[in-house]
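Naming follows writing order (A, B, C and D), and every chain is counted from residue 1.
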Amino acid sequence: MAEERKSVLRLENITKKFQGLTAVDDVSFDMKERSIYALIGPNGAGKTTTVNMITGVFPPTTGKIYYRDRCINGMKTFEIARLGIGRTFQNLKLFNSMSVLENLMIGGHEMTKIGLVNFCFNFGGSKKEEILLRERAEEVMEYLGIQDLAKRNVKNLSYGRQKIVELGRAMMTGPKLLLLDEPAAGLIPSERKEFVDIVLRMFEEGMDIFLIEHNMDVVMNVSTYITVLNFGSRIAEGTPKEIQSDPEVIKAYLGDKYQEIAAKERRD
Amino acid sequence: MKRFTSLFLALVMAVSMLAGCGGSDKKKETEAPKETAEAEKKEEQQDTKAETEAQKESESAAAADDGDTITFGLSCAITGNFPLAGERTLQGVQMAVDEINAAGGVLGKKLAFIYEDDGNDPTQAVTVVTKLLNEDICGLIGPHTTTNYLAVQELAGQAEIPYITGGSGTKIAAAGNKYGFQCRPSDGMNGIVAADFAVKELGAKKVGVFFNNNDFGVGGRDAVTAELDKLQVEYVTLGHNSGDTDMTSQLMQFISEGIDTMILWTDDAEDVVVARQAYELGLEADVITSAGVVMEQVLSQMEPEYVEGWYSVTDFVPANDDPVVAKFVEDFKALYDIEPELYASAYYGAVKFLAAAIEKAGSDDPKAIRDAMAELKDVEGPTGTLSCASDNTLIHSCVVTQITDLKPAVVNTVTADFE
Amino acid sequence: MKEKKNVKIALLAALFVGLIVFPIVDKNTYHQLALAQTLVNVIIVLGLNFITGLTGQMNLGTAGIMALGAYSGQLMVQKLGMATILTIPVAILMGVIIGYALGYPSLRLKGVYLSLTTIGFSEIVRLVITNWADFTGGTTGVQNIPALNLFGLKLDATWKLTVFLVIICAVLVFTAYRIVNSKYGRVFKAIRDNIEAVEACGIDVAGLKIKAFTLAAIFGCIGGCFYGFLMTYLNPTQFTQDLSANYLLMMMFGGIGSVPGSVIGATAVTLLPEFLRFTKEYYWLIFGIITLLFAIFLPYGFISLFQKEKREEAGIFKILNDRKGKRKNAGVPKSGGMR
Amino acid sequence: MSFAMIMQLIISGIALGFIYSMVSIEYTLIFNSTGLLNFSHDKLIMLGAYAFAGQFVLRMGCGYVVATIATVLSMFITGILIAKGIFNPLRNMASPIFAVIGTVIMGRIIKELCRIIWGATAFNIPGFMKGTFKFGSIVITRANTYIIIVAVLLVIALQLYFNHTKSGKAMHCVQQNKTAATLMGINVSQNINITIGISAVVCSIIGILVISLFSVSLTMTNMIGIKGFAAGVIGGFGYFPGCIVGGVLIGILENLSTLVIPSIYKDCVAFVLMIVFLLVQPKGILGHKK
């Protein structure tokens, strides 16, 4: 790990106040290239607020966000997404009136070049572009193993399948950094395992992953580096092993009562 | 691919629907050949021309066989936002036709009419008149109001069928359409008569001209202001939109300008609002209005004191001792037990004029009838004698009336000279 | 699959030829006028389909768009002596201007608020045209509009204009069909379903909303321009709220969001009153009742008769299904309409 | 323009403004509970006027009070029929467009029915709410004073109803989240039926009050229908006291605008204001809900 890896995502003293309530309080961290970086913390720790600031949903009150050393404060959501940040949503935002294939093709929409006026006159070009887009979508579906669902309407699929479709759509935008907002939530163990395998496979192929997750066993055996938030401020940072034994983290998750019981047991 | 079938179905439906709507009485003939023509198209055979040709003959044949009647078209507003005019027009025309047929019809043939509803909307007027022009008619009693007349005048001009409208706007004569006739005094004349009456009879020093911003009101305003300029009398003009329900601001401006006479040129609904608010705001001024106010259905909406002493330049008043008018009022009351008013009398006169023209022309060929109409003089009608002037206006006299206790009485009749 | 597609193309071509032949052969100007009016309405409804059908933004200002499309061209012809053929590019330019003028509020407003803005826009356009009498001719309107002359070929008779309209309408239907079934149609529908997700895919939603409004305004203005030539007379009283509602009715009657649906809807709602004219006094009431029954029992329109899953979502078929108690395709969640 | 004249303009502006307020109250009721706009509300007002004047007073000759009660009852039932027929089947569709179209068609049918049943002639009730009150040189018609009184009473009653009665609070839940409301045991469609019934009653009251001002005709409510929307938006969408403020503001500004711009542009004022407010301040002056 000697050579200096470039920083992918750097937050410097980010604070966010909502009319007096400080959701995120002076958080800084630096995500390096080639890593699965996890942001964990109990409910209401400010994880989703942080993600919303990164993706430009609302600007931070103070502090700077850098993506590959380029300040993205105040940029619009779609401008940030175009820089190569794909994301999935905590509460599954899919296009319910369309099929799986169409959902994925929307993901790739930005890659197509033909403008509206050009489209009306250029018959061949737009046909070719459409076929190209369709093929890319089929490739991603094969990669994710959902090619047989292509024609099915998204709203009729099971929750696990829908999560994978949303992941597929994020991949279609050709991201370099993938933001996963609680991907394992609501999945049954077999689906969770399948999801983790896909994420690991993507990581090996060069995709950096920024993970927001509750589920400890997913976080602990997947991520390379973890930051823990509690009540909006950073309480710990480090590799999964360090985090597991860090007293502050245990207190934050299991509350101080557990601390006393553990101490009592050690004493007896 | 399902979408393709539905797209195809849509266009097939369009064509078959079109075929179907060739007028109710001809439904059977056009329906059958059209369908077969349609079927043939599907198998790409090219003899569609022959098929629709056959259907064409059957259509004109149907019109010729009922040779013993002469039909004319009538377009009036039964639905839409002016339905009252349509109803009264229909009653007036029906009565005239029945009377003519009772007296032996025209050229020995029965007079009949087909009527369509134009909903007092220019778009529907064009559609309806096109439909009527395709029937075998010798004349058309046109859509009422100046707006609809202007929408239709090019159409009727091309079809070379004479048509008479009850619109009174100055733009009608100005359009100068050879085939268009105006069976009500044009606002040009009414406006001048109103202005003269205000200045000469009532000694107006400062006149307030309150006009409806539609073509009827604007036409009236221009005529009145032109006459007032000639008479060098000071005037103030203010407008309101049709359908306006609050005239306070305009009336307040009139009061603050200190006008002693107000000339009001607007439609029925606005007349009522102005009358009420002028009385409430205490406008002390003689008022002369355009034709609509004296109609029974307008007066019934008002309290007597609102319009006490108002004058109105109109062409028809039921309480008129002229024998022709009195007889018409009686017959109308006997038939429909309501008093006839402007629209019924105007279009009654128009039918009588059309019948007289057919008699004079001696045939039901529209061009001949038009030429006959151009020279026709002195046809007796409830709204005065109809005689055609060079600008195709038929009525050249109007009546100045005064309203006392909601009863309009004739003050004097003015007959303008015409060439 | 291949030969099924060819048969459809052949049928459509036959229909196109049929529509071209029909006005030439059938001398009855009433039929020609009815066909021309249907085609004008089809063009306008196609435009409306882009915003209200696909992106789901309520537009009740179609009358205002049509008025500007019609008046802009004709006033140029009358006041500046411009050639009549140029009214079409002027209408397209006016469409782009309206696209931005109406597109901008659509970025900030949604649903009911947007529909009120479009109503306001349409009313202001009508009032300005009515009251700015010396430029627009006010309530006397624009009279005797000259015939459209295409580089010398004067379309003075109704049937000539109708034939030209059939060609223009066919081109626009084809273009609209291509747009709706392309990436643009798809992304418009995506905006209707979930805006945040579209933004997360790096798509500039604001730009697309304005594109949708511009497309609708261009189609609307072209329709308005031909409406002017067809009627040979323009008057502000024609462009009322009722007219805008009529276009929404056409789109819904045929089927919201689909091009064949818009064509069927425009044809049916334009010709139905003509059909019912023989009932003289009550034709408008009967027309109202038929459209109301359609609106309630077949809300997804005529086209939904061909799309199974759309059909079962609402209206008479849903009621029948619920009563029968069996849910044909198991995938549909039990709660049915509650989405 | 003397001071007294301007005062008269303001007073009659307020008087007319309250009509717009009443109209915006009536459709806010429906908007509050279904989130949809009832585009046939102006035709319902006309129906109320026709029922009261045409049917009960002129044809059946009953006294004003009896006629009012009869009109209110019949309109309540009409409102529920409309709710059952149009609003409930169409309200949980994907987009509000379906219900909007349903109400527009309903409006057309009502207008045609009025024309066929009560005829096309415009008519009035002689001596109904005639006369004016004079304060020095300022004049205000009796009808307008009744409208102001009824409007204020209505707002107070509706505020109390919405905030302090069980079914009133239920309406709040129905508006915010229909699924949750059902889970809480509120019969949503029945609640909406009542709301639209009340709204139809308010329509009929407006209809009765404006008879003496506009007289009963098929086009009596065209203008106030659309301006009612403007009043709601400017005052504060979905908030009753806001409707009063919005309506009065439009009434006054319209009248005063004639001092500055030609009187024919009076109607544009309401629409320009509406669009400005929609863009700049969508929640209106008093409104606190977006």
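A few notes on this one:
What we mean here is this: a contact is a pair of C-beta atoms (placed from the backbone, for glycine too) under 8 Å apart; a residue touches a chain by one contact, two chains touch by 3 or more.
Keep in mind the model is a prediction, meaning the values are calculated, not measured.
Counting only chains that touch, the fewest steps needed to get from chain A to chain B is 2. Taking each chain's centre as the mean of its CA atoms, A is the chain most distant from chain B.
Of all chains displayed, C has the C-alpha centre closest to the centre of the whole protein C-alpha set. Summarising the inter-chain contacts, the pair of chains with the most C-beta pairs in contact is B-C. Between the Cα centres of chain A and chain D there is a gap of 50 Å. Taking each chain's centre as the average of its CA atoms, chain C and chain D sit 31 Å apart.
Centre-to-centre separation of chain A and chain C, using mean CA positions: 42 Å. In chain A, the residues touching two or more other chains are 97. For chain C, residues that reach two or more other chains under the stated contact definition are 127, 130-131, 192, 281, 284, 339. The residues of chain D that reach two or more other chains are 94, 112, 262, 264, 267, listed in rising order.
In this structure, the chains touch in the following pairs: A-C, B-C, B-D, C-D.
By the touch criterion stated above, chain B contacts chain D in their complex at residues 78-79, 81, 83-84, 86-87, 213, 238-241, 243-246, 248-250, 252-253, 255-256, 268-269, 272-273, 276, 280-282, 297-298, 300-303. Partner chain D is touched in their complex by these residues of chain C: 52, 56, 58, 60, 105, 108-109, 111-113, 115-117, 119-121, 123-124, 127-128, 130-131, 192, 241-242, 245, 248-249, 252, 256, 281-282, 284-285, 288-289, 291-292, 295-296, 299, 314-315, 337-339. On the chain B side of its complex with chain C, the touching residues are 1-15, 17-18, 20-24, 38, 41-42, 44, 48-49, 52-53, 56, 59, 78-79, 115-117, 119, 121-123, 126-127, 130-131, 133-134, 146-147, 150-151, 154-155, 169, 171, 175, 213-215, 218, 241. Taken together, the chain C residues at the contact with chain A in this complex read 175, 178-179, 182-184, 186-187, 189-190, 192-194, 196-205, 211, 215, 309, 331-332, 339.
Chain D contributes residues 31, 35-37, 39, 85-86, 89-90, 92-98, 100-102, 104-106, 108-109, 112-113, 116, 179, 226, 229-230, 233, 237, 262, 264-265, 267-268, 271-272, 274-275, 278-279, 282 to its touches with chain C in the complex.
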